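Down below are the structures I want you to see.
Heads up, the next two complexes both have subunit A, just with different partners, subunit B and then subunit C.
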Partner chain A sequence: MARETSPRGGSSSGAGRIAQGVFAYGLIARMWVRSTLAYRASFVMMTVGNFAACALDFVAIMLMFSQIDALGGFSLPEVAFLYGTSGVALGLADLLLGSMDRLGRRVRDGTLDVLLLRPAPVFAQVAADRFALRRLGRITQALLVLGWSVSRLDVEWTVGRVLMVPLMVLCGTAIFGSVFTTGAAFQFWAQDAAEVQNSFTYGGNALLQYPPTVFAKDLVRGVTFLVPLAFVNWLPALRLLGREDPLGLPGWADFLGPEVAVLMCAGAALAWRRGLRAYRSTGS
Partner chain B sequence: MRTETAGGGTVAGDGAAAEPLIEVDGVEKVFSVRRRAGRLRRVRQEVRAVDGLTFRVPRGEMVGYIGPNGAGKSTTVKMLTGILTPSGGRLRVAGIDPARERTRLARRIGVVFGQRTTLWWDLPLKDSYELVRRMYRVPDPVYRANLDRCVELLDLAPLLAVPVRQLSLGQRMRGDIAAALLHDPEVLYLDEPTIGLDVVSKAKVRQFLREVNAERGTTVLLTTHDLTDIEQLCRRVMVIDHGRLVHDGGLDALRAAGEGERTLVVDLERELPPLEVPGARTVRVEGPRQWLAFPAGRSAAPLVTAIAERYPLVDLSLREPDIEEVIARLYAGAHGPAPR
Partner chain C sequence: MWCVAVAAGSFRRYATYRVATVAGVFTNTVFGFIVAYAYLALWAERPHLGGYDRAQALTFVWIAQALLAASALMSGGGLDELQERIRTGDVAVDLYRPADLQLWWLAADLGRAALQLIGRGVVPLTVGALVFPLALPGDAATWGWFLLSVLLGVVVSFALRYLVALASFWLLDGSGLSLISGLACMFFSGMVLPLRVFPGGFGEVAQLLPWAAILQVPADVLVGARGGDGLVRGLVFQAAWGAALLALGRLAQSAATRKVVVQGG
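The block that comes next holds the complex of A and B.
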């Protein structure tokens, strides 16, 4: 049995598994989109509602600025930049992996077993579970805010700075995605842990929409070192906007986003594997 | 169905009979359960769900796998499909170690959980089949042939365009069984495939399984609480209790070993001393009601006549020995391997 070298992945290589996963993700996501379109009116209302809820969110910030000129030393376009980058990053992660917090329910009612019977990686199947296009609402709104802020920011747009924006968003997506995945992996053991993970993702996003200078130092430290959400947008954005960071970290820390994202993803992958292994040895 | 498309060249189950398709050698599954003991203290407790299980299933056989709730049936099936990793022992399905190569095995097995559908709730039945075709990468001609055959035998034609949520339980079960067979699996695991179905649907499902087994030599492992399923489909029955096989053999042997006594409950006009009827013995008396036990192979009719002739009979009912009882008897060690 020469094939038994890879521990759980079956006979396929790592790259083959990723391709297999992406393929399965696409198939399942399409099925969910078609399922939601079975209730067309409900889909339209949910999308509009999602967009409106997010839009009102930013209106609150604009209202605040009608009374003040700066928040923690940041102007409205600057806050909009933070808001937009974090929002798009979370929106993308939410679109791609947002339903992973349902894993606990699947473990509890045993429907996870059905996924384990299919010839596709479980992660891809769980990630694509309840794939919801209505989440495009949040991304759209955050993109609009980001676009507006970029047009109003007083920044000299060099090539490097222009490239930094999508890179920031991508790393941010990876970081939020890792938190989603780690949270889901934790549900293999504790099936009701969804809220803890949500506090990091959605709660973290609410935090990152504001300048770090308005928060207490300890909170900023926690978000930098414990749950490294600060790398989603705070640190790189501060560099881009030419601001000092409140923790006084060395300048190269601003560029750690990709490294942090890779580390977070590796950690999340490890957590996921351990969780799945635990499930398969204990059952539900 | 494979036999049809391949023109008889690769009839499954013909040449490979010598090699068992399912091999289970001393397989164990131990769960560690934490139980509350007092307010904060928790005690770890080991539960042996499957305990030294050994059996073989040759290609093309239909085997019934029965046992009371919690006996280890589902755990066995989960290990055979690669969902659960065994704690010990050796397991092979079609030469594959299920726990290590789950996705490779998945292409070669079909599973139907009676209580859990794999179909897409809000989409037409047909769409679920399309997903199977793509996910299992079933070649088009094979898919066509299999789907056509399933549609024909299971009367699915009028259901294909109907969203699954609108199907009745029996229709959905038929749909689920078809979904498990589209990729030409060598083994089919059925977990309670007739649960909750009406008599007609049950008959249809059984007929279909018989034909699939005969036509393409699909090996079938059938878990059920309904002894009629077994009677009509399987020549071999394995009975599991407390994680161990207590019977593995023909249905007749099981009947001989397990079938105990039927009970006739009679209501009399008044309280009487225990009835004396040839061929039965009175096991319980409670006021005007009495319980009479008689061998399961015997008809109740002569007994009823005899009682009605001699005693003031008001009402009666008949109780069959249930499967739990049969298995309890087996476990008591009357037949089969004695519990260690």
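The block that comes next holds the complex of A and C.
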């Protein structure tokens, strides 16, 4: 499998190893995209379906707002802003790493062994496995909602505030990506527990699309300090919308997104390594 | 009778996925909490929205989570397997068996639903009842009617999924249709929002569609939103859709087995 063009840093150089991983990821993802596009009608249908499944969530919110003017004190454009930022972040993480929840199946049927033999980082191979381009449906839908909300929000858009939106989405992607990775690492021990990580990824997304004022304080504390999903959009968005944070955290906490994202990625990397080291083949 | 054996086998088969069941219970509970708080905020703005009070709305949330797996509200259920067997041609073997195809899969689906109702329904509903003030009935009769209503709901859910699976005889790749029917079920069963909250005429139409029989009616029966006459009408509504869809499935089945050449070799 090793190509002449493959950047071979060896295990001694971290940067080379990352470059090799990205290269392998691109190679595998491109292969899956080609294979997906071979059945074009199927691909279009699945992408539209992915779009529609996410859109139904937002239809539910719109139906709620057909009965009320504000949910937890937030207007429809404000809820849409929360929905859009969290949705794009999860969508990107899902596109890049969402296939990792299949790891348990690979551990169970022993096909993970094949990946260990190939001269490419296992993480890149698992992450790119069955790369699903149809997940662009979720990203598109969330981007549309985000665009609409930004056009409706009563916010004075300074340069700093404009830049905050893409930064939020990027940090959110990294945070959700860490959750996907940690969940996959957990499957080295519990192969059938793929659904647990859905609670934190898709469940986290369902949580973040509502304003934090809706939830009990303890739940908000949990997703701030325990599984810091609040940094995906709640804290920066509250700052942007000029809202009070229900926990009364100091103002600088709203800008901690990048730091939290880096910490979560480091934690996820550690969990992944431990998981991979602990792997015992089924031997069949 | 062989039907009972098939159902029992299916029950035991799903009982072996213990870790997956625990993981599913965890996820159902987490989602239950999130939706419950969202509904609390909604009902705080508009008490008695859709004729539910706050406790009834919260109960709806936890029933939806409890029935999610059993009634296959968001895809799932075991009929993907039939679809795959039709696609690969393995269904030819099933058709040789001295057992009716529809009855066989219905029995298997009821066995699966029974296990998932116990395995994935009881814990989330209990957690919900411990944390939130739910409107759960105190008398055994209402629980009995609720279980009957759930059973009828599972039959309607099965009948719809069976039709989708049989469509593979003609479509070969049924994944698109499965997707659309899954979305329809999620939306029109009341999973994303109780049908009673849907505005005006749209809500009334939604309550007449077969998907309403899967979640909305059982939930209404349990929270006591259908007193006296309404209870009977709800059950008849479910039974009528169940019978009609099963009959349609039977028609499709006879058409499929007569006209379609099975692939494979």
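Couple of notes before you dig in:
Note that the second predicted complex is superposed on the first by the 267 of 284 C-alpha atoms of A that agree within 3 Å, B and C clash if a C-alpha of one lies under 4 Å from a C-alpha of the other, contacts with A are read in each partner's own complex, and residues count from 1 in each chain.
Just so it is clear, a contact is a pair of C-beta atoms (placed from the backbone, for glycine too) under 8 Å apart; a residue touches a chain by one contact, two chains touch by 3 or more.
The model shown is predicted, which means the values in this text are computed figures rather than measured ones.
Of the two partner chains placed by superposition, only subunit B is touched by A:Thr111; subunit C is not. Using the contact criterion defined above for the overlaid structures, shared-chain residue A:Val196 touches subunit C, although it does not reach subunit B. Applying the stated contact rule after C-alpha superposition, one finds that A:Ala38 touches subunit B and leaves subunit C untouched. In the overlay built on the shared chain, the residue A:Ala120 is in contact with subunit B alone; subunit C does not reach it.
Looking at the shared chain after the overlay, A:Leu27 reaches subunit B, while subunit C stays out of its contact range. In the superposition on chain A, no contact is made by A:Gly183 with either subunit B or subunit C. Looking at the shared chain after the overlay, A:Arg280 reaches subunit B, while subunit C stays out of its contact range.
Within the complex, the subunit A residues that touch subunit C are 42, 45-46, 49, 52-53, 56-57, 59-60, 63-64, 66-72, 190-196, 198-199, 203, 206-207, 210, 213-216, 219.
Residues 17-20, 22-24, 26-27, 30-31, 33-35, 37-38, 40-42, 45-46, 49, 173, 175-176, 179-180, 183, 186-187, 192-193, 197-199 of subunit C are the ones touching subunit A in the complex.
Contact residues on subunit A toward subunit B in their complex (touch as defined above): 1, 3-4, 7-12, 20, 24, 27-28, 31, 34-36, 38-39, 110-111, 113-114, 116-121, 277, 280-283. Of all the residues in subunit B, the ones that touch subunit A in their complex are 31-32, 75, 78, 81-85, 87, 97, 99-107, 109, 111, 113, 116, 118, 120-123, 127, 131, 134-136, 163.
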